[in-house]
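Listed next: structures, encoded as structure tokens.
Same chain, two partners: subunit A is paired with subunit B first, then with subunit C.
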Partner chain A sequence: MSMEYSKEKKVGEGTYAVVYLGTQHATSKRIAVKEIKTSEFKDGLDMSAIREVKYLQELIHPNVISLIDIFMAYDNLNLVLEFLPSDLEVVIKDSSVIFNAADIKSWMLMTLRGIHHVHRNFILHRDLKPNNLLISPDGIIKLADFGLARAVPGPREILTSNVVTRWYRAPELLFGAKHYTYAVDIWSVGVIFAELMLRIPYLPGKDDVDQMEVTFRALGTPTDREWPDVSTFPTYNKLQVYPPPSRDELRKRFIAATENALDFMCGMLEMNPTKRWNAIECLQSDYFKELPPPSDPADIKIFHD
Partner chain B sequence: MSAEVEDSSNILPSEKPAVDSNKEEKKVQKRITDDDLYRHSSQYRFWSFTVDGLKEKRTEINENATAKVKEALVKFVDTKKDILSERELQTIQSKATPLTADEELKLVGFYAKKVQVIAQHLNLPTEVVATSITFFKRFYLENSVMEYDPKDMVHTTIFLACKSENYFISVDSFANKAKSKKEEILKYEFKLLESLKFTLLNHHPYKPLHGFFLDIQHVLHGKVDLNYMGKIYDKSKRKITDALLTDVVYHFSPPQITLAVFLNEDEQLIRKYLELKFGEQTNEIGTTPTPEASKEPTDSKKPDEKKEDKSLSQSKINVDKLLETIISCKEMIESFETISTQDAKLIYAKNYYCKNPNVIVQKLKRKLEQISQDDSSNEPRIDKKQST
Partner chain C sequence: MSPPFESQLCLSRPYLTKNQITYTQRNTINDRRTYNQKKLSILNFLSELCLKLELPRKTLETSMYFYQRYHLFNNFETELCYTIATSCLILSCKQVETFKKVNDIATLSLQIRNMIKISTDTLDSLKKMLYQIEIRILEACNFDYRINNNVHIDEYIVKIGKILKFDYNVCELAWLIAYDVLKLDVILMVPPPTIAMATLKLADALCDQRNWLPGSYDVLGAQKDLVDDIFFHIINFYINAFDLCDLKYHIPPDIVPISVERFMEIKSKMGPEVTMPDLTDGDIKFDYFLEKSRDFTTQERRYILSNEVMKEEDNALKNI
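Right after this comes the complex of A and B.
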């Protein structure tokens, strides 16, 4: 155990890591220590751990979790991360927390700034969901969990489509595309935005097949007209063809959303990945320019005293 | 760190919009460039050095290891001084001499080449081969070959490079293919990761290669043959892998290395391209401040004068400056030599004797026995002589 930090309380256990809360002695700062359970992996250092270390070392940004230090102890790899007491999933589920349109805008702005930084460093996150958008004590959103991240692929590189937690999975992934890019992350943000407005998951598929059903029922089945050759995906023929929702239907579903907010959402939930908005288009959208201005993160009341 | 890393943390957006939409206002509100992003990379922050800085680093590693080796030798001699003969002591002294920094560098270069050959033999993708070489060399920027036998690190680096580049192979099948042992591959994996300062992301020159390949065709549209460009591309790709064995990776940015390799293939083409591409522009382009590029040539005793000179005359400067940088990169690639297997063996043996002085003693004993045996059997020797 490093003398510089103390581990005080176990707060979580995943498949490959245990997370502790602790203190950095030199600064008395609260920190989180992610202890990677290396002994359980017969292939040496685990891929998720390698990815997390690899990408967090490069990404230094206010909206990306900061990796303070790494050390080895008892043959275990320990990542010292900044202390982030909450996340968007907790906030969405906590019915005692009230948040408004300006708060949502603030969260979207911070999330997209983080994603823009990740993308301009040629990295895909591939697992964006409310649970991975952590919140600092002063209300700042931080992208976390880079265990599935990878470099942006070259033109003909073949990738696995088995990425992103199901509800936040882009249509190209649902179709099993062997190549995809930044657009998969933006789709996830679109779904998160919808979820923030509805306060329930927007596209909660029960399994992979149902996910397609739920997605296309809500947003329409893509056709070759707006997405050339989409019908050549092997699973396409089995699909029920739903018409895309009319603007009025969307207005009814998202009662509080302004026209700009709907445009913003539709830009991110565009079926055709090449037409989907990128992080820059999202950040420049009129949604961020109209009233109300995004809340000051520190003013959003999400913590109980 | 000896690298002259510019602190540019203040350019990260926090309160202002992440993207400056108005390109016209570039001068007022600084937009983050690719150069800025590169300066944030671990490759720049931890693994870029000035020529002197790199030399210093290697000397330091060598000196520390030398001290340890000497200490161990003294201890060895001390504990055995009653048993060791004068002749044995002398032999130890002459054979067990610690490696110099230069010998270390040569040995690392030799084994880095081995890493490349083995990784290529295993049919790994170019990027994995490149990362293997990079990891291996970086390990020996932090450790001495006198402490970690390069033979032990070859497979470990290739295996970690596979995982880091998202090209997973199970350790069993890797061990099988590489004819190595699982335990040996994994033994120093942690040590390797630690020596890499937990930084795994590499910017290799292959992406710039593809970028320039496309851009040259665009800028010289109609003036360059596609088949010809394809050939240059393939050749350059191989040359880039070779360039990764040299020190240019510590002094130049990946696009600079790519241009240097291109320049070597077809100097006229590249000069024309750079002229057309950057000739008209001012400032900002072609000045990626890698430590070496931002340094004035060492022969100039009056760097300030020179700098001023350059900033006064405009447009052409940057192409000239860029060419100057690329040419010095090219020269550094060309000046690199790998040593012969024979020379590598000699250095390796020297290193081995340092760590195992006992072997010297035993060898000497065997040799002496041989001689005395030969002496006691004079006749057959004469016989032999006569028979020949």
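Right after this comes the complex of A and C.
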């Protein structure tokens, strides 16, 4: 048999892998090949690579990146992934791309459908950010980078709170919680939604301490009244107490947002993780039922001719 | 003209029949007796490692699956088996999210093997080997992470035991039997829930509770013949190799004494032995996947999970 895949252009390099653009010869389809650096880690095959394969093998959904193939070539492990030429971070930063409320709604809908599928398979993504929401040539959003994902733990299992890129980190993680739920992913989506409306990062902390300051200044410091026992987190006493923003304050911050869009955002950015909306509540929110309807992904002009 | 580029396509088959396993092991295991003896030592070795590293049963179970699976497609060599087992444990720690530092596992592995003074060079060369073996184990498993992922024997004993309202003692006994099961080929043959059911059925019989009813198979929609086949595999192990079992040293105080005779008595009461239909050597001979030991020199080795992809590739080749 002849070689099935070719790697043509290096498009990125991370800590544990190099990504190439390539072609699947049998179909002439464009693909992405993630070559795992197998020998360069002090703990052998990196956990991120294992998690990526493990969860992508389970998750088959139009809004989750497809793992097409796995192959060993010259003793290197390669993951063949679907080719996705852009991502939401690129779109947000590209000032030549103009998008509207219906486009944002379409992206949120696709993102939440993907997350709902991940969560109903008992998996936490733990690294949602615009950069990990890739876009296919026909405008479909796909969740990618499952290197930090993990299965929902048993009640006695202790988790690390050092997950999720800082700006998208939920308050329970900022407090160092050792037990957390799907709610950490929903918080990230809430921050992404705000960022799409503002076109700048909503909660850009400079470091972990500043992230708490930025988050609570923008959204209010949680108290025991709305989040029982939050004050028992060790870092709680060092916090400056800010009041939550009024509805008017939020309307001023997000000028173009409708009341339903603000409710939708507030549901996802609820401080208390047990009160935060889940993926189903988000998908059933009035925001998706009101006008304008979500754009057809293929009609959103994000690629330059 | 340059030589043609070689590519190999492997379809994942996480579980094999008894004959398939025996046939495959002919390519990789010259001395079955030594292999079986070593397997018992390896379980003790891995159990000690898990105990010292405070790792749960699921990590041990996954590493034993990896160890046995590795030897289906890679030659068994007595000198290397502890290193392979250590690599299996490292990988299973990653697989079941009970992560430990490789340095700690490797050092402990050498210490258990009575190496007192461990130099940095010794440790580094061991780690290098462990990483190379890690990839080979994954290749032996076809990179199929769907197995040993969220489903483990001990957890299913608890779940099924609760559904069937079995006594604590019965579940505890099943859990102890499940430890002995890690020594057997059955972990390569059926998924953990089937094994959990077979151990519960045996524990129920040993405790003379008679709570295992024909309807008990319906929990999780298990196939009756498959559970019974595994049940007889396990009971035959106790009858034929009672001296090798760990159960006899750990029988809970509230349970009646267990002996070979007791297993023979249970077996005779269960009626004719149930065995699942198996493939003949003639059938297996035509199976490229099992017929030869795995060739790791092929330049490109592709691992797939779906039969559909296999068919597509086959059709594509016919159209060339």
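Just so we're on the same page, the second predicted complex is superposed on the first by the 302 of 305 C-alpha atoms of A that agree within 3 Å, B and C clash if a C-alpha of one lies under 4 Å from a C-alpha of the other, contacts with A are read in each partner's own complex, and residues count from 1 in each chain.
By definition in this document, a residue touches a chain if its C-beta (ideal position, glycine included) is under 8 Å from a C-beta of that chain, and two chains touch if they have at least 3 such contacts.
Everything quoted here is computed from the prediction, not taken from an experiment.
With the two structures aligned on subunit A, subunit B clashes with subunit C. In the superposition on chain A, contact is made by A:120 with subunit B only, not with subunit C.
In the superposition on chain A, A:112 contacts subunit B only, with no contact to subunit C.
By the touch criterion defined above, A:74 reaches subunit C but does not reach subunit B.
Of the two partner chains placed by the overlay, neither subunit B nor subunit C lies in contact with A:161. When the two structures are aligned on the shared chain, A:58 is found in touch with subunit B and with subunit C.
In the overlay built on the shared chain, the residue A:272 is in contact with neither subunit B nor subunit C. Of the two partner chains, neither subunit B nor subunit C is touched by A:6. Contact with both subunit B and subunit C is seen for A:50 once the two complexes are overlaid on the shared chain. When the two structures are aligned on the shared chain, A:23 is found in touch with neither subunit B nor subunit C. Of 27-35, 243-251, 279-287 or 369-377, the segment of subunit B whose C-alpha atoms clash with subunit C in the superposed model is 243-251.
Residue overlap on subunit A between its contacts with subunit B in one complex and with subunit C in the other: 42-45, 47, 50, 53-54, 57-58, 70, 72, 75, 77, 150-151.
The residues of subunit A lying in touch with subunit B in their complex are 42-45, 47, 50-51, 53-55, 57-58, 60-62, 70, 72, 75, 77, 112-113, 116-117, 120-121, 150-151, 154, 280, 283-284. Residues 1-4, 26, 38-39, 42-45, 47, 50, 53-54, 57-58, 69-75, 77, 122, 150-151, 153, 157 of subunit A are the ones that touch subunit C when the two sit in their complex. On the side of subunit C, the complex with subunit A involves touching residues 4-9, 90-91, 94-95, 97, 99, 101-103, 127, 130-131, 134-135, 138-139, 143-146, 149-150, 299-305, 309, 312-313, 316-317.
Considering their complex, residues 9, 12-14, 17-19, 21, 32, 37, 40-42, 159-160, 163-164, 166, 168, 170-171, 185-186, 189-190, 193-194, 198-201, 207, 210 of subunit B touch subunit A.
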